[in-house]
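What follows is a pair of complexes built around chain A, which joins chain B in one and chain C in the other.
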Partner chain A sequence: MKTALRYALAALAVAAAIAPIWWLVTISLKREIDHFASPPVWIAFQPTLDHYREAFFLRPFGAYLWHSALVAAGSTILALVLGVPAAYALARFRWPGQFRDKVGFWILSQRMLPPIVTCVPLLLMLRQLRLLDSLAALAVVYTAFNLPFVIWMMRGFFEEIPAEIEEAAMLDGESRLGALMRVVLPIASPGLAATAVFCLIVAWNEFLFALMLSQTQHGTTLPVGIASSVTQYEIKWGAMSAAGVVAMAPVFLFAAVVQKYLVRGLSLGAVKG
Partner chain B sequence: MSLALEGITKRFGDFTAVDSVTLEARDGEFVVLLGPSGCGKSTLLRVAAGLEHADAGRVRIGGRDVTEMEPRDRDIAMVFQSYALYPHMSVAGNIAYPLRIRKRPAGEIAAEVRRTASTLGLADLLERRPRELSGGQRQRVALARAIIRRPKAFLMDEPLSNLDARLRVEMRFELRRLHHELKTVTLYVTHDQAEAMTLADRIAVIHNGRLVQFDTPANIYHRPANLFVAGFLGSPSMNFMEDGKVTLGVRPEDIEVSFDQRPGWRSGRVWVCEDLGNETLVRIAVGADQVTARMPGGVGAAFDAPVWFRFDEAKVHRFDQATGEKKR
Partner chain C sequence: MTARLARQGLWLAPAVALLAALSIYPMLYLLRVSFTALDGGFTLDHFARLFQDRFFAAAAMNTAIYTVVALGLELVLGLALAVLVDSLGRGRAFFRTALLAPMLLPPVVVAVIWRLVYNPQFGVLNGTLRSMGVDTSALVWASGQSTALLSVILVDVWEWTPFMFLLLTAGLQALPAEPLEAARVDGATAWRVFRDIKLPLLKSTIFLAVLLRAMDLMRVFDQIFLITGGGPGIATETMSLYIYRTAFRFFNFGYAAAMSLAGLALAVFFARGLLRLITARAR
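Our next item is the complex of A and B:
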């Protein structure tokens, strides 16, 4: 009886989680006339790809998709290039007194800030620099968001690797950088992959800054593009849903691939420090 | 090639881990740094390796000053207690790594790996990953990785400590033989006196960051320079007695024991008697003190049985009670 109840609750939770996704996917495939059918059509409908055609050929969602991919990839690479050496330094180098933990905590504290408080200053700075409405600026902003996470997570992965392994590499003939690149990073590669995927997902999904910092279609990413289909005169449910499905797909894929490491990495960052 | 440490001092904050240690391992010599844990011997080795930077002193390898050099430029190889194998590489990859960094031709590397692996009995394991190996096999891989490029010096940091007792004795024989064949100057850190006695040409005893005696195993054992060395080497350890301003030290094997009364001998009672087969250890209670004597195997004695003993006077060590130094 208890087990049955448990399964029932689990089923309810799964249904609640899946229903909106199901609704999104079906709307993207339904004819417009079925969108508002009463009672709602859940399963039996005549499928069509018209909305996908509209979104990606008649409307500029294809370009938005490309923008999102560029910004996500660019910011992820930048965050890793900057964050991995910082994490390594925190994990390995000798720090005076309590500085290792103090600096580490300060870096983590950057994530405690509600992002929106930085919005106005960022907007003003980027305007002065004439970088509004540019994908590069967006990539830099996302890098700043992801950097503390990269440092905190990679530090945990580095600390798990015995220092003697790199020392052996350095005695075998590697410089410290060589030991990092050819010995430490390959060993930490699962953690690196998980960290990268997390950064990609954050940048891919980000809405607030993308909205504030873009002004024309040149700087619009997919989430902003989707939201902008809600206009004063009409709401293009079909095209929005089609774009939404496409936006969701890579996140699902990545999360499925690295979920094991992601959970481990997150809990690792949580308990260490 | 010799390996010389000259006036090495290393501090961590207020703690002086190594205090102006000077010692030289001569060409082809096997020198063991022996001391209790935390005495600074590993730090000293790491300074020699270049993994730690000394606050004072010079390191010379083959007469060349390498104090300011990176570890990779010193042309030395190190074996760690944890083996420190590269987990993402096969055994062959691990052994080949020092040569691959030096960009030797692939054919030459393959031949060297095969030769080194067969020397250490690893020929059938080349495709395995380190995690698929036993402790002893990992230790051999670490050794193979160290010897493959024929460095100027070997540094070994408690390489046998993670092995079980039987394997440790086995590897001790192999290490000694390997050193005989390679004749490469070796610094070897251990807290195990049996390893020190069996492997070393000379033993450097380190205590509280200082070098307290540097001599052959026989001299370290038979002519300890001070109370610390006398007490640290030997199992069971030397018996100490106070005699005025002098501390007397007698090794268990230098005590003659009789279960019949002898004129002029000291008397006591058997506290515990341990028959180990090849020897018997008798602990004798003398008033509030206890003395341990070593006798041939097969001696049985009842608890509290009366016993008489005397010291072999020629082999009694005398130490100054205030300084702990040997009295001349």
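Our next item is the complex of A and C:
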């Protein structure tokens, strides 16, 4: 094929991927009377921040944003605290027989359960524990989503580091944990950061469990808040779009930060929770 | 020896304990509830009902159509895009990153976007068509009985073709250079190189991508729930949505549990069939 044609096709594909997202941005910035002008206006419109003001000051999206940030940060930290030692143990320790492969596979298989299967029992379990509407409980659930991913990613990163490095540190008097914290993790820190970012994205995007476990505004995350405005009869397109733009902005920021690891993380199914 | 293993086990224990608590308990619970009648006794009614429930049959059918059509479109488009972008010189990295955007979005944002696109009166899709002189009065997209399922499938194609593209791009990059070079030296056309060399070498990547995607498609929930809610009527109701409705609208946890287990069994069966089909082809 001619080079120009190939570039034209690729540009067309990018347009198809980006145009709907850009349309959301324009709706969030347009005055209400311009929203549904015919023919549709893609670029030259008079911008306004009214919808952002409405969404985050008149409506409780600001609080939802804060909840989402808390849950995402809390679950990511917890997943790393639990997952990194487990990954290290699988990567480094000597285990009898098939133990390493069996446990590794079992951990990975935990990602395969459809969420709809686990959500009813979890809901009832958390209700009995009086933990519905609790952001902490939601963070623990997301931790379980992210753990298999953390363990598999970090195990791979640890295996790339020669064992001699921490053996030398341990001869110098470091404990195993000390060697992990002070010697191995600093070397693996780019991978650790990428893993953390993928966990943040999963927790930030998740919808089904957040929907079911939240009962009042106190336990509502941004996706659930936006969803409840999607299903209302009178839809506030502008405010909803503004909240949507704010919900997607951090994800793109995160993705830009971990660009080098994007393929590795995404192909493990990271963002799908 | 045992002391060492016990010490090592401590490193794994917290993670394994949390995963077990949040997966084994729900499975045991599902098993118990699915065999429990309203009065608390043992029953097989929930499973018997599966075979008579036409809503369940419709939901299973919708799930199957959704999975097969979306999977086919995503595979073909993803493969075409991966090969296309791979053949570009300058700007390849830009195209690769830009094409991934849809799969990173929160599902709820995807739903908002496509409601803005599909809305029959003031959606940008009909707006654009109108400005080109098309009569759009009959084009209702996601709210039409006959077009709703296709509309939500197209949303899935938009959102997840990037995933296929990503995996297949990684696969293409990992191909050995020698056979491609040799074919080029021998004067093979781009199409022949693709069909006779790249495609066979990509087989295992394609297989992995199809399997991962199929497992996700069979459990689709978020976008459909948020765009059509399963409607109009039950036109877009998939298994996950029907289970959700049974559990959280009708509060029939026993039947919802039975459906969950049946769905899980179907998914495993389907995945195994796919696995066997593709490994048989590979030989």
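The criterion applied here is as follows: the second predicted complex is superposed on the first by the 259 of 273 C-alpha atoms of A that agree within 3 Å, B and C clash if a C-alpha of one lies under 4 Å from a C-alpha of the other, contacts with A are read in each partner's own complex, and residues count from 1 in each chain.
In the analysis below, a contact is a pair of C-beta atoms (placed from the backbone, for glycine too) under 8 Å apart; a residue touches a chain by one contact, two chains touch by 3 or more.
Keep in mind that what you see is a predicted model, and the values were worked out from it rather than measured.
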> Looking at the overlay on chain A, is there a clash between chain B and chain C, or do the two fit?
Replying inline: fit
>> Applying the document's definition of touch, where does A:82 land relative to chain B and chain C: first, second, both, or neither?
In response: second
>> Once the two complexes are aligned on chain A, which partner has more residues of chain A within touching range, chain B or chain C?
In response: C
>> Let me test your reading of the model: by the given contact rule, A:258 touches which partner, first (chain B), second (chain C), both or neither?
In response: neither
> For the overlaid structures, how many degrees, to the nearest 10, lie between chain B and chain C at the C-alpha centre of chain A?
Replying inline: 100
> Thinking of the overlay built on chain A, is A:226 touched by chain B (first), by chain C (second), by both, or by neither?
Replying inline: second
>> So in the superposed three-chain picture, is A:164 touching just chain B, just chain C, both, or none of them (first/second/both/neither)?
In response: first
>> With both complexes superposed on chain A, which partner does A:173 reach: first (chain B), second (chain C), both or neither?
In response: first
> Does the superposition put A:247 against chain B (first), chain C (second), both, or neither?
Replying inline: second
> Is A:187 contacted by the first partner chain B, the second partner chain C, both or neither?
Replying inline: first
> Upon superposition of the two complexes, what minimum C-alpha distance (Å) separates chain B from chain C?
Replying inline: 9
> Which residues form the common part of the chain A surface touched by chain B and by chain C?
Replying inline: none
> Which positions of chain A touch chain C when the two form their complex?
Replying inline: 1, 3, 6-7, 9-10, 13-14, 16-18, 20-21, 23-24, 27, 35-36, 38-40, 82-83, 85-86, 88-90, 93, 95-96, 103, 107, 110, 112-118, 120-122, 124-125, 140-141, 143-144, 147-148, 151, 201, 204-205, 207-208, 212, 222-224, 226-227, 230-231, 235, 237, 240-241, 244, 247-248, 251-252, 255, 259, 262-263, 266-267, 269, 271-272
> In their shared complex, at which residues does chain B touch chain A?
Replying inline: 49-51, 70-72, 74, 76-78, 80-82, 84-88, 97-98, 101-102, 145, 155
>> Touching residues of chain C toward chain A in the complex: what are they?
In response: 5, 8, 11-12, 14-16, 18-19, 22-23, 25-27, 29-30, 33, 81, 84-85, 87-89, 91, 95, 97-109, 111-117, 121-122, 124, 127-128, 130-131, 158, 162-163, 166-167, 169-170, 190, 212, 215-216, 218-219, 221-222, 226, 229, 239-240, 243-244, 247-248, 253, 256-257, 260-261, 263-264, 267
>> Help me check something: in the complex, which residues belonging to chain A touch chain B?
In response: 162, 164-165, 167-175, 178, 183, 186-187
